[in-house]
Every structure is written in C-alpha cells, then in structure tokens.
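Inspection log for the structure reproduced underneath, given as structure tokens.
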Amino acid sequence: MTPLQLGDKTFSSRLFTGTGKFASNQLMQEAIEVSESELVTVALRRVDMNNQADDILKHLKHKRINLLPNTSGVRTAKEAVFAAQLAREALETNWLKLEIHPDPKYLLPDPIETLKAAEELVKLGFIVLPYVQADPVLCKRLEEVGTAAVMPLGAPIGSNQGLQTKEMLRIIIEQSQVPVVVDAGIGAPSHAADAMEMGADAVLVNTAIAVSPNPVEMGKAFKLAVEAGRMAYEAKLATKSMGAEASSPLTAFLDEL
Amino acid sequence: MTPLQLGDKTFSSRLFTGTGKFASNQLMQEAIEVSESELVTVALRRVDMNNQADDILKHLKHKRINLLPNTSGVRTAKEAVFAAQLAREALETNWLKLEIHPDPKYLLPDPIETLKAAEELVKLGFIVLPYVQADPVLCKRLEEVGTAAVMPLGAPIGSNQGLQTKEMLRIIIEQSQVPVVVDAGIGAPSHAADAMEMGADAVLVNTAIAVSPNPVEMGKAFKLAVEAGRMAYEAKLATKSMGAEASSPLTAFLDEL
Amino acid sequence: MTPLQLGDKTFSSRLFTGTGKFASNQLMQEAIEVSESELVTVALRRVDMNNQADDILKHLKHKRINLLPNTSGVRTAKEAVFAAQLAREALETNWLKLEIHPDPKYLLPDPIETLKAAEELVKLGFIVLPYVQADPVLCKRLEEVGTAAVMPLGAPIGSNQGLQTKEMLRIIIEQSQVPVVVDAGIGAPSHAADAMEMGADAVLVNTAIAVSPNPVEMGKAFKLAVEAGRMAYEAKLATKSMGAEASSPLTAFLDEL
Amino acid sequence: MTPLQLGDKTFSSRLFTGTGKFASNQLMQEAIEVSESELVTVALRRVDMNNQADDILKHLKHKRINLLPNTSGVRTAKEAVFAAQLAREALETNWLKLEIHPDPKYLLPDPIETLKAAEELVKLGFIVLPYVQADPVLCKRLEEVGTAAVMPLGAPIGSNQGLQTKEMLRIIIEQSQVPVVVDAGIGAPSHAADAMEMGADAVLVNTAIAVSPNPVEMGKAFKLAVEAGRMAYEAKLATKSMGAEASSPLTAFLDEL
C-alpha cells in the first residue's frame, strides 16, 4: 500500500481514530495502539490545560501517534479560531480538525462558518482538516482556501449508519485535489472497507470502536478492514455486472464420460 | 477468532476460495496461498483424470489446502450424484460442493434437484455443502437431510454485486444449526466483511480475486476483510441509530474561558 | 395501460388485495372497493363453510371482485391439495393462491412442497398462483408444470420492507413466460410503483392497507401508485446515469447582457 | 389531501415541473397539462425578452400554471441577483427558483453563494426557493434568512438516481419550518412517491418526464405517484419490521376437519 501524504506528514496507516466515549482511558489507549492509527483526534475541551498530569494526553504518548486537536463544541467561525489558537498552544501542534456544528441533535456541520474559519486558520498557519457535509462544491471551495484535506461525513456522527452519502462521496473523491477522509457514520469494518474501495484516502472512526463491548478487538478489526479496502482499491476491483458469468466455463464433460 | 468447525474438520481461515477464471495456474496458486484459504473448490471437469501430472491439482499442494470438488456443470440430481462419485475417486475426498444450475445465463441453483441430490449424497457418505438460493426454508430442509453446511448466494455467480439477498441471509443465519457460508456475488472485501459481521460462518470468493488485475493483492485483501468482519462480529458491533450522538459531550467550555 | 391477461380472465386493475388484519369487515370492504382491486385473496379457514350468512364473503360481493382462495395455514402439499378442493367447493372457483409455509415466524414458503402441490393442482384443473421465494429457477419450474402466474415475495409477509429481493425479481421478470405478481413485503405505495416500473405484471398488497390507521385512503393510494408504476413502465423510464446532465443547457447568456 | 401553502399561494398539486429537455414545446405543454402541475420552472435564459411571441411562454398559458423563473446558468450570488431582477421584470413574478451551480459537470449548488443571494433576494421582495445540497444546517440557515421553501437535491440533476441523500432529507424534513421540495434526481414515479411518503411537501420533476419516450404518459404517471405518496403520508404508513407477521393468523383448521 502506498503511504498517505497529508499536510507535512506521511502516514502508513489510513485509519484515523478518536478519543471520545471510551469506557476508560486505559481501554482507549489499548484500542488505539492495536489499531495502529497514527492520527488521533482530541477535543480541546477534554484537555485540562492547567494540569500537567492531564489524563487523556498521558494515554496518547505512543511515538506513532500524532495528535489532531478538534474544535468540537464551537458554534461559529470566531469561536473556532479562538479554540484553534488555544489548542495550538496547549498541544504544540498546528494541525487542526475544524468542527463547527451548531445543531446539538445531529451535530451536523455548518458550511458557511466552516469555510470562513478554514480560510482564516489557513492564513494563521494551521494545517486544517475540516469536517463537512458530503457537499462536492463546498469541498472544492475548502480546497481552494488551502485546507490540507476534506473530511466529508458518511452519516450523522455516532449513528453507525455507514455511507449514506455515497453518491456525493464518489463525486468528492473524483474531484478532490487534496486527500478525502471519510468521517462520521462509519459503524462497521465493512463500511470502512467500502469507503477505501471507493478511493477515499483515509477514514476516521471513533464511536464504532469506543462503544463496542470490546474496543480493543474492534480497533484491530478496523485496522484490517482499512488495509483490505485500500489494497483492493490499489489492486483494482472487478466491475459489477447484471448477469452472472460462470466462475468456470460450463462444459458437457459428463456427456463425454 | 474462534476456529470454524465444519464437517469433520476445523478451519482457522473463514475464507474459502475458488480456482476458476485465473489468468494462469501460477497466479491462482500465489493468490490462494496469500489468502491463507484452507478450503478450495475445484470443478471436477477441470481435473484431468487420466493425467498424473494434472496441472491444476499440482498448484494446490500446499499442506494448508483442503480440496472441495464441485459439481458445476451438472443439471440434475442424477448427474450430480454421478459426478460426486467420480470426484471422490479422483480427488480422494468425500467433501463435495453440490452445485446444480440448469440455467446457463445466471447459473442459479435448482432447489428441487439440489435437495434430492443432497439427501442421496449424505446417505452415500459425502460431506455435502450445497450451493443454494438464499431461501431459509430450503436451507432448513437441507440441514434436516444432513448437509454439513448451507451455501446461500449473495447475488448471481460472477456478478460482484454483493449481498443483494441480505434480508434472507439474515434469516438463514438466525435459523441455521449448521454453518452458513455465503457464496456467489461477493465482489469486494467490504462485501465479505459485511457477510461476516452479520454472522455468516464463512464466505466463498472466486471471481473477485481471480479477475482482478492483481489477484495476489486481492487475495490478501479478502483475507484481511474476512478477519476484520469476523472479529467485529465476535467483539459485537454497536447498533445503528437514527439520530447522532456526539462523539464527545458538548460543553460550554469556551464560555468559561 | 394494457389490461392484464391471467388464467382465463382479463383484469383492468393490476393491484391484487388481501382480506386479513383489517379492524373490521366494513373497513375491509370500503378499502378494497376504493382500491378498485379485481382479485381478492381470502384464507379458506376464515370462510365459515357451515354458515350461509358467512360474514367475510358478504363483504366481497362487488361485481368487480373475483375471489382468490388461499391455502394459508397448510404445511405440506397434501394438506394444500385437500384445502384447495374444499375451497373450490365452498367458493365455487377453481382459482387458487397456493401458500405452503411451514415456518410460523417468517411465513416463508416451502419450495419443494409448493412445486409438488402445484403440479397436482394443475392436473386437477385449478388455476394456480403459487406464493414463492424470489427464486428464478423455481419460478421456471412452476411455469413448466402449468401455473397461471408466479408470486415471488419482495420480503417476509407483513414486514413492509419493500423489494428486498429486487435483483432476483429482475431476473424472474426477465425470464418468465407467465405473469409475475410481486407478493409480500410491499409496505408503501412507492414499493408497489417500484415493482411495476421493473415490469412486474401485478402486485398483491394486504398488510400495508389493512393495518394503516386509514385503510380506505391507503387503498386509494396503492391504486394510484400501481397505475403510476405501470404507466411509467409502458411509457419507458429514462436510464440512470452517474453524472448529471443539465436539465437545460448552460449558456453564457448573462455575459451577453 | 391537504393543499400546500407556499409563499403567498396555495397549491392543490404537489408536483412541480420543469421545462428543459423536451423534444418539442408542444410535447412539453401536453405533458405539463396532464401532470396538473401548478408551478413550472423556466430558465430565464430560455425566455427571449425581446420577442413578444416568445415561444416557450406561449406554451405555459394554462390558467392553472404559475411560472417559477430559475437562475440556472449563474455562478455567483451577484449574477443570481442580477438575473432574478431581469426575471421579475420579464415574467412579472417575484417568485424565484435560486440555482447557483458553478460546476458544469454535476450542476451541484454552491452553498455559500446561495445563502448570500437568498438573503439579498428576500430583502428585495422575492419569494425565494433555493436549490441546495441535502444539507440540514444550510436549510435551516436559508429558512432563517426568509426563503419560502428549501429545495434539497435527491441526486445530481438529470441523473435519475432517486433519493441518494435520503438520510439527510429525513433530517431536513424533520427540522424544517418551511416547505421542503425535493428537487433533482427523481427519475421514476416510485422515487417521487418515496419522497412524499417521507413527508416532503412537494417534488420537482423535469428530466424524467422530458426525456421519456412518452412524456405525456410519464407526466400523468408522476401526477398519480405524487398523489399516492402524499395520501399514504397523510393516512400514515405502517412501520417496517424485521420479522414477518402473518397476514392472517395461522390456525389448525385443517386438523379440525
């Protein structure tokens, strides 16, 4: 599998993970480690900036792991830019997952505020990965203001519904000049493999690993599925057909006996 | 992952493979070996019974591989029983994939002839794995006459359409007392993972590996996907929901700053 | 719309209906009348053969309505043949919906017993409409023994899931020489329209009308949907495409102003 | 069926139609008239403003028909506002379908420019119906600036793919305080019925009628399907279930005979 170039880094793993909803930080650490994820998103508000012994970060010290602070909880571009600057200081990284979702029920992203914030954050030197609707025009506009990737959603966050926006994801992947990371909605390894087979550059999985009764096994399952999907994409899938073709040609061999 | 008990054998791998349609026997051998498949189906008519140096079998000598002769090409129960006996003699195994498909276009199986042949073959001492429509009642009847497994189809052979019969597969898996092997239609690793996540005991993949421009990489991709799907099934998937739940709880943390 | 030839009758309406599960016989009568259905299935066991004033039949006296007794409740071919003969006597019709479903949970039909009973009933002079899995080979075999139609299921009876077996229905419609009536699973007018657009000759709807809070309005809705789907089939649908085409050509007209 | 209140008008028909792609204006006129559509969109650039005998408008004189000029062909908010003002003068209506799609391949709408133009056009006294991605947050923002409806897409214009964005449409319908009109992608009467069954207030159909070999029959088919879907929505659909329930209760009646 080819490594993924994203921003100023190169990743062996195309599985990005999150840190929310785990039953314990210990389980989170183990699940993320077996997943071999190299980019892990952390909500800024979960980092205790006055506490040297801050709990969650302590569990993300593996040398493979790069932190990706996110702005989850903000509702406007202005709040996002402020949160991003705090995150940069606190976590000493200019990478940022930009999330602006005013809607408390489905946590769907705001396209207007997201574009506005992305433009400003790029100018401020951030490596911006915006979480957005599967909107191909918006994704092009984000790319044009300089985001390092686009992160269209497959379905609402935490819904585990899989790629409900598949046709739009297909167009985004076809048109994008920056990596496409499918984020939100991926609820099973098959969904992750499906996204990779379509040509997504990576996927971000959080809920499906974190709330599984066995997050460590699930982390490993997602690792394998992402590799399987990427491998199949690189090896090229056979096309679907309406009619069957025999797996092996039919002959009249019994008649000959 | 728990090993699979099927007939009188135990399998570590839940990926069964086929031997049709490969560009060369050498590619077939390599793809099957990297797939780590332990049960490999061979059309009886492709085995040259008068030729000691028979080509295809020579490429299936790996100690991990068990042969599963199939009756592809027969149209009736009578022909199937005859073919099965030839296969047992030629390949020295009483395992049999029972395929009776009179229809030359879609190669869909005949339920009546299949049940009749299965009943007779079980009496003759065969370990019978019948290829059938995703018909829950037929699967129960096959189980009752003593087949070692049932092999319902996901879609027409060679169509790569995935699990078109998903709702019926779900019922078959729920009701079956013998292993359920999803056969036919699996065209991508995500389809294989999906079948395993639903609780299928194994999948059989042939066309999708054989006709890929890179069958060796594809064999490996399917191996990983089957493992991912099984692991997720054993670890238990989170349920789908309509509304999103936040990956991490929303707080008014910015207001506090 | 072309009328439907089926058995020895011609139908203007391609919506067949059922009589189970209505809150009252009066509601049933009204819903069926507004649906304009001309073929209405009745479970033999619901007909009180010793009672001249039998309730359910009294409500099906409309001159447009033809009765289609069904064998729901039988488990074997033998029981079905017996029930069919009782029905012929009681209802004075040789039309028969053949239903053999031993499984009490999903009411899925038994392919073996159904074919056996169909063959015998045809010989006994019945117009046989068998309820079956969406199994293209079984449908051909039923046609070969002389059934007047085939009635493949879209999904389990009463599930309202729509056309879960769509790919197999497509093949059945392509191959059948007798009318194809999609039965079971149709839970919304859009499902009925979808079946008709694919080329099904008719649909049978029961639960979705009967259990609606407003069965009369729902009966009318299904009538319209079946007509819409048939009309679109006869007028020919446009094909799906991956890329969009403009609804009207783009011009640089504003530049010219 | 309840009539639809939209802007300052009340509509009996919930099928909106378009005028592009018909083989002739005569066919267009007939198809639209049998469809009973009361709101018909016309691309401003197709109206010859210097020609009293302008062809397309001559064919839309039916007293039932209200014109809905659209801005198809513009790429920015500024162009849209200019086009809208021309349309208002030329067609003597302040109703406007706002379409801004810079992308010439899929004609997908631009969320940023659309919101900006909508806000300005509302201030200028237009009744604005914006064509947008199925983006629930964007739809709320459009509603907040005063659009009379929102018109989320089901799939790319002209693709006939149906409701590819179904999960997002569901959320939009749940949250919207203004009518939701599903626009683009509806390729068959079953798709239109499906949208109405979900609770969409109306659908706009153009390509599927215009490019059918028989647009007049297709216009009628869509009329029926929209009515069927709306009726079912008002009468309330039964819910889907996993397991079947018998259409009529099973009894041991044969045993009693």
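By written order: A, B, C and D. Residues from 1 in each chain.
Going forward, a contact is a pair of C-beta atoms (placed from the backbone, for glycine too) under 8 Å apart; a residue touches a chain by one contact, two chains touch by 3 or more.
For reference, the UniProt names are A, B, C, D = Thiazole synthase.
Values in this document were obtained by computation on a predicted structure and should not be read as measured data.
Note: centroid distance chain A to chain B, computed from Cα atoms, is 32 Å.
Inter-chain spacing, taken between the CA centroids of chain A and chain C, is 45 Å.
Residue numbers of chain D whose C-beta contacts span two or more other chains: 106, 108, 156, 161, 242.
Chain-to-chain contact here is organised cyclically: the chains close a single ring, every chain touching exactly two others. Inter-chain contacts occur between A-B, A-D, B-C, C-D. Residues 101-103, 106, 108-112, 115, 133, 135-138, 140-141, 155-156, 161, 164-168, 171 of chain D touch chain A in their complex. Chain B makes touch with chain A in their complex at residues 18-21, 43-46, 72-74, 79, 82-83, 86, 104-108, 156-161, 184, 187-191, 193-194, 197, 206-208, 210-215, 217-218, 220-225, 227-229, 231-232, 234-254, 257.
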